[in-house]
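Consider the two complexes below, in which chain A is the common component and chain B and chain C are the respective partners.
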Partner chain A sequence: TAGNKIFHFGACRVSTSMTEIRAGFTAIKANIQARDPIRSLSILSYPHSLHKVKSSDRCCITHHLFNFYVDKVFKHCRTEDSFVNRKISSIANSFLSVRRKLGQCHEQNQCMCGQESTEKFKQILANYEGLNVTSAAMKSLGELDILLDWME
Partner chain B sequence: EDALLPAPQNITILSTNMKHFLTWSPVIVQGETVRYSVEFQGEYEREYANESWIPISECSLITGTVCNITEDISATVAYNLRVRADVGAQRSEWGTLKGLFNRITTSLTPPLMKVIADGYHLLVELEDMGPAFQFRVLYWKKGQERRVLQKVVKEVRSVVHLDTMEAGADYCVKAQTYVEAINRSSSFSQTQCVRAHGDKSMWL
Partner chain C sequence: YGIGKWIRKPECRNINRTWCDLSNETSDYEEQYYASVKAFLNGMFSEWVETTRFNPLTDTKLDPPMVSVSSTEKSISIILTAPEKWKRSPEEESISLLQVYPGLQYNVSVLNKKTKKRVSFEKDVELFLLNLCSVLLEIGFSKEHCIATLKDK
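Now for the complex of A and B:
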């Protein structure tokens, strides 16, 4: 349907309202990206794109990234625009719902972390911490479609 | 601003087929127009954003006592909701929904459907209930109730072709909705039966 999508990460199955997340992001993408002055840098794609991650590591890197957005990114993206804040809330609560399912897979050892995903995630954190927190959060939010495209 | 104005009471949610409405009892102030404002708080805001609240602009300073919160209840997590009243410079305390609301509790009604015999073709028209809805359609030839066939309709088109019928035979259909986001189904609709055109003897 135009609604949910089932992601298969090996034995880990995660049902996600991808359309709702994408609709929320599309509605604010231009606004958020306009707040990101440093267009030459990327948090998710530097130095290597997510597409380079081995399939066996996909579940772990996805789990890491959902934790990253929930724990570090969304809370620093509050704006003066009520509409933008509502859409960020919509995305954040959807991410929370998906993260819970990924966490369950992780607990059942269905979402193992290999060397590569650990290194990749360290790089993402280094990119993030190389900027001041608000710029880093806004840039990460503006790159959400990179994550969504890679997931799909 | 003193809080002489009473907070709105009887705050409830009416949720049917993934459409969610917040309602409350009006605050009565003789000769005055009372206005209301609504805010929501998802699980994320409670646990990661200092229990912050987010205003719903379409329901800021409204005079009605209903707010469509469907757009903001867009994840399958628990939400909190609150309403306050304003009259001139007076502002009430917040009235908060008793308990949290999760869209997983929405009530799902059977879909409206219309079964059509178009010559030998068995067709069904299904109500468009929005992108969150799929339909499970069961159909069978009358008298062969043990050979029920199924078609899952993921995106509503105007008409769905189910089968090619035998001349003169009766066919029956029923349908239910399925919402993947909350992994729940409605009950089945009433069964509808139609007869295929033509004469049964034609097939001998």
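Now for the complex of A and C:
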């Protein structure tokens, strides 16, 4: 469909409605980021940016991150604003289908995890667990553009 | 953002102009940023106020590409050059925005001022040839005109 982008992670090919996800996030970005008052910590970028990850580890990190967003972020981001909630669930649905495909690649050994991606994801989880669940989830959601920029 | 250390901007202290160039401080496009400012007068200070989070990759305004055109007997060559990333100093190496945005594309259109007809192309390359005759026909010139023009050249 229009706006779909195919990501190639070695043998693993994942089609993603990137334009839809970006549009959804852009619509709520200012609202979500305004709910995150903490400037001194980034879930995804601390201490090192995702851009420093080796290309061989990209698939595994992406797989980890999509699991992370589905399992630990979207469900803890309910707001009092129905428009924002609808956008969040739309993004979450897009993430679910990408996660399924990445899971299939993982089962077919096309999405191998090296030490670097394991270490990097441990750091992301540590950053997340350093805050209370709601703050950590909201901060993670506010950093979705960091993930999307890195993927693209 | 994410580091928690504010960077001072000496050039923007004690100023009464209403802008401040932070290109230098925000030039790493793999990072995101906040800026903050406060006002003061005769010893009275306002609260700090912050910008929204600035993401150089998605919040950048693209300049138009440079365009040069040359023609041959049967075609028009259109050469596009993507704008460059902001440089801290003239000596710094130039980085094309193509390296920052690999998916960069162009919309090129050819307008016939007489017939007001326009034909457009979406291109993701910087050099391409347009078949002169097909373009002329599309923007309202007659077939004879097209052949006559080629012969006269």
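The rule is simple: the second predicted complex is superposed on the first by the 150 of 152 C-alpha atoms of A that agree within 3 Å, B and C clash if a C-alpha of one lies under 4 Å from a C-alpha of the other, contacts with A are read in each partner's own complex, and residues count from 1 in each chain.
Methods note: contacts are C-beta pairs under 8 Å (C-beta built on N, C-alpha and C of every residue); 3 or more make two chains touch, one makes a residue touch a chain.
No experiment lies behind these values; they were computed from the predicted model shown.
Chemist: Determine, for the superposed arrangement built on chain A, whether chain B and chain C clash or fit.
Modeler: Taken together on chain A, chain C would fit alongside chain B, as the superposition shows.
Chemist: When the two structures are overlaid on chain A, which partner does A:Asn93 contact: first (chain B), second (chain C), both, or neither?
Modeler: A:Asn93 sits against chain B, while chain C stays out of touch.
Chemist: Once chain A of both complexes is superposed, is A:Ser56 in touch with chain B (first), chain C (second), both, or neither?
Modeler: It touches nothing on chain B or chain C.
Chemist: Does the superposition put A:Asn85 against chain B (first), chain C (second), both, or neither?
Modeler: first
Chemist: Applying the touch criterion given at the start, work out whether A:Ala30 contacts chain B, chain C, both or neither, answering first, second, both or neither.
Modeler: second
Chemist: Between chain B (first) and chain C (second), which, if any, makes contact with A:Gln104: first, second, both or neither?
Modeler: It touches nothing on chain B or chain C.
Chemist: Which partner, once the models are overlaid, touches more of chain A's residues, chain C or chain B?
Modeler: B
Chemist: According to the stated criteria, A:Asp149 is in contact with first (chain B), second (chain C), both, or neither; which is it?
Modeler: second
Chemist: Looking at A:Ser40 after the superposition, I want to know if it touches chain B, chain C, both of them or none. Which is it: first, second, both, neither?
Modeler: In the superposition, A:Ser40 touches chain C alone.
Chemist: Put simply, what angle do chain B and chain C open at chain A, by C-alpha centres, to the nearest 10°?
Modeler: 70
Chemist: Could you look at A:Ser17 and tell me whether it touches chain B, chain C, both or neither (first, second, both, neither)?
Modeler: first
Chemist: When the two complexes are placed on top of each other via chain A, what is the minimal CA separation of chain B and chain C in Å?
Modeler: For chain B and chain C in the superposition, the minimum C-alpha gap reads 5 Å.
Chemist: Taking the stated contact definition, name every residue in chain A that is touched by chain B in one complex and by chain C in the other, in rising order.
Modeler: Correct list for chain A: none, the interfaces share no residue.
Chemist: If you look only at chain B, which of its residues touch chain A in the complex?
Modeler: 40, 42-45, 47-49, 52, 54-57, 71-72, 74-77, 79, 131-134, 154-155, 179-181, 183
Chemist: In the complex of these two chains, what residues of chain C are touching chain A?
Modeler: The touching residues are 1-5, 30-32, 34, 52-53, 55, 57-58, 103.
Chemist: Considering the complex alone, what residue numbers of chain A touch chain C?
Modeler: 26, 30, 33-34, 39-42, 45-46, 49, 51, 142, 145-146, 149, 152
Chemist: Mind pulling up the chain A residues that touch chain B in the complex?
Modeler: So the residues of chain A in touch with chain B come to 1-4, 15, 17, 19-20, 24, 70-71, 74-75, 78, 82-83, 85-86, 89-90, 92-97.
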